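To start, the structure itself, in structure tokens.
Letters A, B, C and D mark the chains as written, and numbering starts fresh at 1 in each.
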Amino acid sequence: MSHAPFARRPLSITASERYGPYVVLRAADPEGPAPAPGQFTMLAAAERWGGGEDGRPFLARAFSVARHRAGEVHYVLEDVGPGTGRLCELAPGERMWALGPLGRGFAQPTDGRRALLVGGGIGIAPLVILADTLADAGPRAGRGTPPSAAILGFRDGERARAASLIDGAQVATDDGSAGHHGPCTDLLEDELELDANAVVYACGPAPMLEAVRAICERARVPAQLALEAGMACGFGACFGCVVPRRGGGYLRVCVDGPVVGGEELERVAEPAGEP
Amino acid sequence: MSHAPFARRPLSITASERYGPYVVLRAADPEGPAPAPGQFTMLAAAERWGGGEDGRPFLARAFSVARHRAGEVHYVLEDVGPGTGRLCELAPGERMWALGPLGRGFAQPTDGRRALLVGGGIGIAPLVILADTLADAGPRAGRGTPPSAAILGFRDGERARAASLIDGAQVATDDGSAGHHGPCTDLLEDELELDANAVVYACGPAPMLEAVRAICERARVPAQLALEAGMACGFGACFGCVVPRRGGGYLRVCVDGPVVGGEELERVAEPAGEP
Amino acid sequence: MTVSFCGLELAHLVINGSGTFDVHAARRSFGAALDEQFPFAAFVSKTITLEPRTGNPPPRLWESAQGLINSIGLPNRGLEEYMREEVPALAGLRTRVSGGESVPAPLITNVMGASADALVRLVEACEERAEIAAIELNVSCPNVKSGLDIGADPAELEAVVRATRGRTRKPLIVKLTPNCADVAACAAGAQAGGADAVSLINTLRAMALAPARAAGRPPASGRQIGRQVGQRRAWLGASTGGLSGPAVRSVALAQVAAVAERVEIPVIGMGGVQTAGHARELLDAGAALVAVGTE
Amino acid sequence: MTVSFCGLELAHLVINGSGTFDVHAARRSFGAALDEQFPFAAFVSKTITLEPRTGNPPPRLWESAQGLINSIGLPNRGLEEYMREEVPALAGLRTRVSGGESVPAPLITNVMGASADALVRLVEACEERAEIAAIELNVSCPNVKSGLDIGADPAELEAVVRATRGRTRKPLIVKLTPNCADVAACAAGAQAGGADAVSLINTLRAMALAPARAAGRPPASGRQIGRQVGQRRAWLGASTGGLSGPAVRSVALAQVAAVAERVEIPVIGMGGVQTAGHARELLDAGAALVAVGTE
């Protein structure tokens, strides 16, 4: 994993592009260390962070690094509230504060297992950089490493436009308007039936992650799950971002994760308060 | 005086123009009642009011109506902090909330006295609409009413560009870069020496207003002073905007003013905390 | 459909917080619209004291992060003039039931006294006036020395409420102080003393310093400013004030929930309410009515 | 130029608030930079208790208007493991004096016990360890039943401080609770009991409700959420929490000023500090040091 500089730094936005409802935000980050896939950054707009309804946002927000190339860092954002809403409006030339890369990323595949990337909705973000890394490593990894596969689930075809961020991804949609009609875990089960010598990298909504976890447990396939949790600090200071750990106690998603092994959890709990 | 509608209303910005450091903001206000000169409005940007340093602004801010013409209302703004800063950036098409017109405006000249308008800095704002009204009334007022005069003081020539908002105004600047080199009260004293059958309408920083008050007291000329004070509500609810009243007790600037007769005050107190 | 609160029939569930609305001044500002569109289901007067008060020296306001600090200092014309001049003008207020006819918006008179004796006299005076529908005892205002201690101690509060309770048959509402260790215990004290309802929260004790550029310089004559605080001067003329607005909403919610769980009598919840959703939260947490102040 | 605080030589005037910085986790996140650029003049540990605690069930955080509500619940590995595993790793911290050499950043251990007895045992254990430069008694955490009442009552607080005072020669700092009627009286109690310093403010008791869309529905299995509050459910797993951040800064300033005026012993001021200007205000109001937590 990369260590973050011990201070937030200002990043200048270089581009903002829409993929259906998602925004891919690029920023120049010449001094930022190269993040490991699965690591995240705490972001806050440099201007007018706050002042929304209910006086929010106030704290910085966590975002997976989706790409890191040529001194630029990419994030994929979904506008779900005041913080993401503000970041989604940022235009080239505007700035945001970044602290990162933070947290524990994905572990590289071992034992000649192929990588199965499973993403749901905005959960594709960390899989983009993972796919980049696997593709870059591909030639070097040599003949023994089978090609990886990516399976991406979305609510509808509009959202599924973001699937183009990962080359050759299989798509599933809840409404059948693109790709497979049904949950992306259907496709995961198909892939595991074909060849269970795999490691699964998953990120997405809690129910999807829980389904992936359970499938992998049954199939005795290692699962690397990128979790989400409300965060305040992002670097282990506040103990605010916990999820129950298998066997008792809690994991801090920001430092013990966001990527955890499926075996570390009893189950992936839905974030509180969600309908 | 006009009564305000009993709810804030959204106004759409139609133009924003700079006069030196000042911004003249125009907004469509088709339903707003015609304000009396000297009345003010509580304004807040509709979006992102807040989120500045120290989490401000939160409350709406008071602004003199500077003009009301053809369904448009004009304000003259000086960026001195988070609230004025935010309003100064508003662009045509953006919206702000307005509550008003509020408060007690200028009393019309009586006894055939001529009107002497004395403004300092941003204090010219309510004098613009007063000059408009006097000009409109001029022909109707008939032969008995002598022409009014406007004397406007500014820190420098850059700021004095705003003097063009009032036709035929005399200008004084602190640095002599435009008009008379010295305080605008020099010109007021000249005018009163010429003809003391006048009523003085003044708005500006507290030391200037105090000088005007004292001059008028000495010259036994009625003075109508438009005061400023930090406000929370703007309509007499909070008792927050008080200034000491001559003879004891306090005046609420928002409902007993902002325009008060010079005789109502012992002196014009500088707002607290100012250097 | 009206709602009933301590025997009063109200048009809806939202009233004003004491001291945050002035009907007379609002009539001057808004004309007839004020009476036609009167927004509150009942009108709570500002705090009335036995003797007239001019209030605290300015400045009286400071804007903090999502909040307002005030040190108004309970200016009022005193009991006698209030009864003579203000009560008649507050008697006829009416509020529209949603979509329907208008019903009276009863007058709740808020009073504060530096002693149980003073409170008894204030309550007796209110009892005599038919225009006054209910009485709110302010035992919580942080700007004035007197009220505070009584309100923060459950046993003392109970005694004070008991002393006034016998003097009126009108609903007696006790406005609790949030500046205490255990507001639910205070509410229980008020209930034990015979209160018909409690209201909360009042403002949290807070302070602001004058901007640094003014520090060190002697105040210009005529300029009023708070006392020396360490190396600086307080901004507020009264030096300390009370915090209200969105910044305190989560504190209000905790206190209202704790009180509603503890006592049987109805609770008027307030503190930082800006939207219907905020009002709903207080109601859901157990408030019978919601009051709004800083908006 | 170092500054002196209760006999400790410090690089500057800013330390961390207890529970808001984890050196071990920060080393994992920032690597060597953490030690090279350690920002605090002293390091205050999170609250340590006799027995290990896992802390409160999630969710533990809620963002309010310019504030943060937390219900972390003092997770810690307990006194024994803290002494064995954590203290050695916290001993070598150093901070740079502005523009100059680095000096040790002493370790201040924050402890909480449900009784005077427990506090005595905790203090005795700290006394034995040379790595620990000072002890902070947390009598103020609103998330846990025990600490609260002791800290809010001046006389009880004095007794507790007196009980622990005899057991250590290290500086004893009492972290006061802001959820009390008269924080200056509590500070005076701590001083009378023998405290070397007081620190404040801790968080204000606060609450948030789960968004309405989740209301009414039974919690999905695995989903954790607070208890029923009236018609709704509390958002925080522990139902109530503590408010910190800019929203409380004006309350902190009032309490710090009141305490600094009342007691002779030095005051560590905190609450909502985000900028150097905010820190300066607390110092100007009488604080000897400033602590930062929520940023």
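We adopt the following convention: contacts are C-beta pairs under 8 Å (C-beta built on N, C-alpha and C of every residue); 3 or more make two chains touch, one makes a residue touch a chain.
The structure displayed is predicted, hence computed values, not measured ones.
Contact with both subunit A and subunit C is made by B, D.
If you compare B-D with B-C, the chain pair joined by more contacting C-beta pairs is B-C. Distances between chain centres, each the mean of the C-alpha atoms, put A farthest from subunit B.
Averaging C-alpha coordinates per chain places the centre of subunit B 49 Å away from that of subunit D. Subunit A and subunit D have Cα centroids separated by 33 Å. Each of the following residues of subunit D touches two or more other chains: 62, 64-67, 246-247.
Multi-chain contact residues of subunit B (touching two or more other chains) are listed as 50, 54-55. Chain contacts in this assembly form a complete graph, since each chain touches every other chain.
By the touch rule above, subunit D contacts subunit B in their complex via residues 65-66, 246-247, 275.
On the subunit A side of its complex with subunit D, the touching residues are 3-7, 50, 54-59, 102-103, 210, 229-244, 248-250, 252, 255, 267-275.
Residues 53-55 of subunit A touch subunit C in their complex.
Considering their complex, residues 62, 64-67, 69, 148-149, 152-153, 177, 179-182, 204-209, 212, 215, 229-232, 240, 243, 246-251, 253-255, 257, 260, 272, 277, 280-281, 283-286 of subunit D touch subunit C.
Taken together, the subunit B residues at the contact with subunit A in this complex read 48-52, 55.
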